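For reference, the structure discussed in these notes is given below.
Think of it as A, B, C and D in the order they're written, each chain with its own count starting at 1.
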Amino acid sequence: MNVTSTETKGWSREQMAELAARDIPDGSYVNLGIGIPELVAKFVPEGREFIYHTENGLLGMGPAPEPGQEDPELINAGKKAVTAVPGASYFHHGDSFTMIRGGHIDVCVLGAMQISQSGDLANWSTGAPDAIPAVGGAMDLVAGVKTILVISQHTTKTGAAKLVADCNYPLTGKNVVTRVYTDLAIIDITPDGFRLLKLAPGVTFEEVCEKTDAPLLPLIKD
Amino acid sequence: MNVTSTETKGWSREQMAELAARDIPDGSYVNLGIGIPELVAKFVPEGREFIYHTENGLLGMGPAPEPGQEDPELINAGKKAVTAVPGASYFHHGDSFTMIRGGHIDVCVLGAMQISQSGDLANWSTGAPDAIPAVGGAMDLVAGVKTILVISQHTTKTGAAKLVADCNYPLTGKNVVTRVYTDLAIIDITPDGFRLLKLAPGVTFEEVCEKTDAPLLPLIKD
Amino acid sequence: MIDKRFDTVRSTVADIPDGAVVMVGGFGEAGSPIELIHALIDQGAKDLTIINNNTGNGEVGLAALIGNGQVRKMICSYPRSSHSKVFPELYRAGRIELEIVPQGTLAERIRAGGAGIPAFYTATTVDTPLAEGKEIRTIDGRDYVLEYGLKADFALIKCEQADRLGNLTYNKTARNFNPIMCTAATTTVVQARSLVEVGTLNPEHVITPNVFVDRIIEVTDPLIESRLIAEGITYP
Amino acid sequence: MIDKRFDTVRSTVADIPDGAVVMVGGFGEAGSPIELIHALIDQGAKDLTIINNNTGNGEVGLAALIGNGQVRKMICSYPRSSHSKVFPELYRAGRIELEIVPQGTLAERIRAGGAGIPAFYTATTVDTPLAEGKEIRTIDGRDYVLEYGLKADFALIKCEQADRLGNLTYNKTARNFNPIMCTAATTTVVQARSLVEVGTLNPEHVITPNVFVDRIIEVTDPLIESRLIAEGITYP
């Protein structure tokens, strides 16, 4: 796939995942969140090897099994059937979060409800009074994993900005996000705030700025 | 062996160990300190089964191997060659002290330099300026194991009392000892201080009192 | 002879009293001791505090225990249920309490409870609403929150193989919270897919050493939660 | 392809700098990575802080490293050596520092260091001289002392089997501190009695998952410390 030559405006879910995969160094230990982040595993660049960690106790997670081969006792953090690759290992939750909280996982790819210009992430609760809070392992991941990549649509279904000056949803973690891949752009979190790294095909800087509720610094030309 | 019929005055090391073994309930998880306590394993009363824990990572420790069968990678906390019984398991030091500190070991038998009337134990250092402090696992054991039995000669080689009002050696733990087995007597630590439970053959209450640097309450007759 | 085997599932949970704190192993359906949970439903203990990562699925197993009104409080990381409205409905009706704990903190609190560690510091939840009201300490320039160890009166555990002494192995990702919960309960009750002779398990491969186990019952062909749900089965 | 194998023992420790904090696995001679230690003697790094339960035996392995004047400070639970005057002499001469830590606290501090737990409370050492100067906190009516996680720049580890990814198994009580030290060092160097193909180790039986391992060297027939000492051999 040549991402930049596609005629469609913006990136698909698969394209966002592929772009994120390209930024993960060879040999990385990677934890993939539920949803679009799971697609990253399909796009490991040629010549690179990643080892996938799933927090429910498996290092060396492989792809979904063939239909009919599912084992209800071999699942990922999203509770979907997976496989184990050669060289895998099983362990209990205490040891699994030793890996996460102890800084042993290199990269985590997560979804987001909001990302602030200082890298705050909100992805577990709207804070609505009737919402049932459900945090899972997200707070441990952002606290313990060195590089947090976020894949997300640039705006909500109703068009509201997800990249904001300050999150008004309850935080998952403060100053934790490294880079965001949206359908419109790749944006770095820098000490100066959001900075454009790459525009999706057919998307203009002005359009991204308009859909971002915080200042967006332009691309630094080589 | 019938302990009470022996002609010798006082108890031998083996007899002290046997007396301690008799007080350990069937099915107990037991950790034995280095020295006389190790002898306890030889005297498990008929019909009882103990499971021995050694803090360097083995549950289900068996007796020493036959000469020539020693494995330098199968040792006890005293770094002596041991065996593993059927049903044994190996684990790392973190898990081993989860067993100890977490209160999962029922009984620990230790040696002593001093025992106070309130159950304080000193068994790791004389506090002398040129002494090299070496605590090993003793402080963890007294902090975490429910029942601490002590086997010790009643006095030091120079005749000084080891059962004292207050320890003047650095403590291993405060108010931790349950019962003491010496060559002269079995003595309980009670809220009121030392209380005689049993006299060794040929030993009088007065003699034990004389060699104890704290009040000794008499035996409670049935 | 040490023998922790029980004769019936029912007898393994008979003495769980009202008000007990019960850890239940499993992550979703994987490693969930469904027969032990169903026995607890039959037994009827009430006002329970249940510690589990989730709140069950469908209307079987943990969801059924909750639905049966036996649970006063859930301590978990992710109470959103799959194919289940049991917990959400009770929660929105104010009829069940919820203590939400991040998954890693939940695991570490259980591990700490079993390991005689009454409290520890972690960076997880710092600067989030879940740290509100908790002690924050700065160590080497980073902020950490104080969390306390968790213990339980009973743990209900599912394993793969067990011997009569209580040595356990697990199956794949059904291991999850089970081994740490074994360490943190006063009484650990285990359902094993197979009972093996003492000496069968390689001492290098034992995951839960027998010191952490109190009761064992063999359940050779355990119910599979997702299949029950697919078939529309409910419990009791 | 991820491949953590190194070609020579020497190269696995070549970059350990003066002043490094180095965890050394083993309990006495069991699990002691003697070839890695000897390579560190050859390499000559100085002012090291060494974390090990003991201080070595005879004049080989850890005792030889200490005797060679490379160690500024020992962190250990039991520095009395068997068949060795190396540590006691240096200690009494004021030429080596000693931080004495109870064995269980040492293990937990290492485990905490690896697990992202900067500090925890334990009842061990309360009311003893080893708690002096440390924070005491009363939790549920019992006193506990605050202890801090331990980390290292390097860990030197001995294992039984390893694959190129870094999955490890151990042999009997040679496991001891090795698995927890693997988690607590920036760079974990492992000597393995045998290297096996990826996929050989059963995922249920791996003790150290590969994420904790950085460098692997096969040492098929490691020196046995007690035999060297019995034969009067010293190093270098």
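Note that a residue touches a chain if its C-beta (ideal position, glycine included) is under 8 Å from a C-beta of that chain, and two chains touch if they have at least 3 such contacts.
Predicted model, so just to flag it, every value in this text is computed and none were measured.
**Q** Quick check: more C-beta contact pairs at B-D or at B-C?
**A** Of B-D and B-C, more C-beta pairs in contact link B-D.
**Q** Distance from the CA centroid of chain A to that of chain C, rounded to the nearest Å?
**A** 29
**Q** Could you state the distance in Å from the CA-based centre of chain A to that of chain D?
**A** The separation of the two C-alpha centroids amounts to 36 Å.
**Q** Could you pull out the residues of chain D that touch at least 2 other chains?
**A** Correct list: 108, 111, 115-117, 122-123, 170-172, 203-204, 207.
**Q** List, in ascending order, every residue of chain B touching at least 2 other chains.
**A** 58, 84, 90-91, 97, 100-101, 143-144, in rising order.
**Q** So how do the chains connect up here, line, ring, star, complete, or something else (other)?
**A** other
**Q** Can you work out from the touch definition every pair of chains that touches here?
**A** A-C, A-D, B-C, B-D, C-D
**Q** Give the list of chain C residues in touch with chain D in this complex.
**A** For this pair, the touching residues of chain C are 108, 112, 115-123, 137, 139-140, 142, 144, 148, 169-172, 202-205, 207.
**Q** In the complex formed with chain B, which residues of chain C make contact?
**A** Per the stated touch rule, the residues are 1-2, 111, 113-117, 163, 165, 167, 183, 198-199, 201, 203-204, 206, 209-212.
**Q** Please output the residues of chain C touching chain A within their complex, sorted ascending.
**A** Listed in rising order, the residues are 27-31, 53, 77-80, 82, 87-88, 91-92, 98, 100, 102-108, 110-111, 122-130, 170-180, 207, 224-226.
**Q** Residue numbers of chain B touching chain D in their complex, please.
**A** 54-58, 71-76, 79, 84, 90-94, 96-97, 100-101, 127, 130, 132-140, 143-144, 170-174
**Q** Please output the residues of chain B touching chain C within their complex, sorted ascending.
**A** Going by the criterion above, the answer is residues 27, 29, 49, 51, 53, 58-60, 84, 86-91, 95, 97-105, 143-144.
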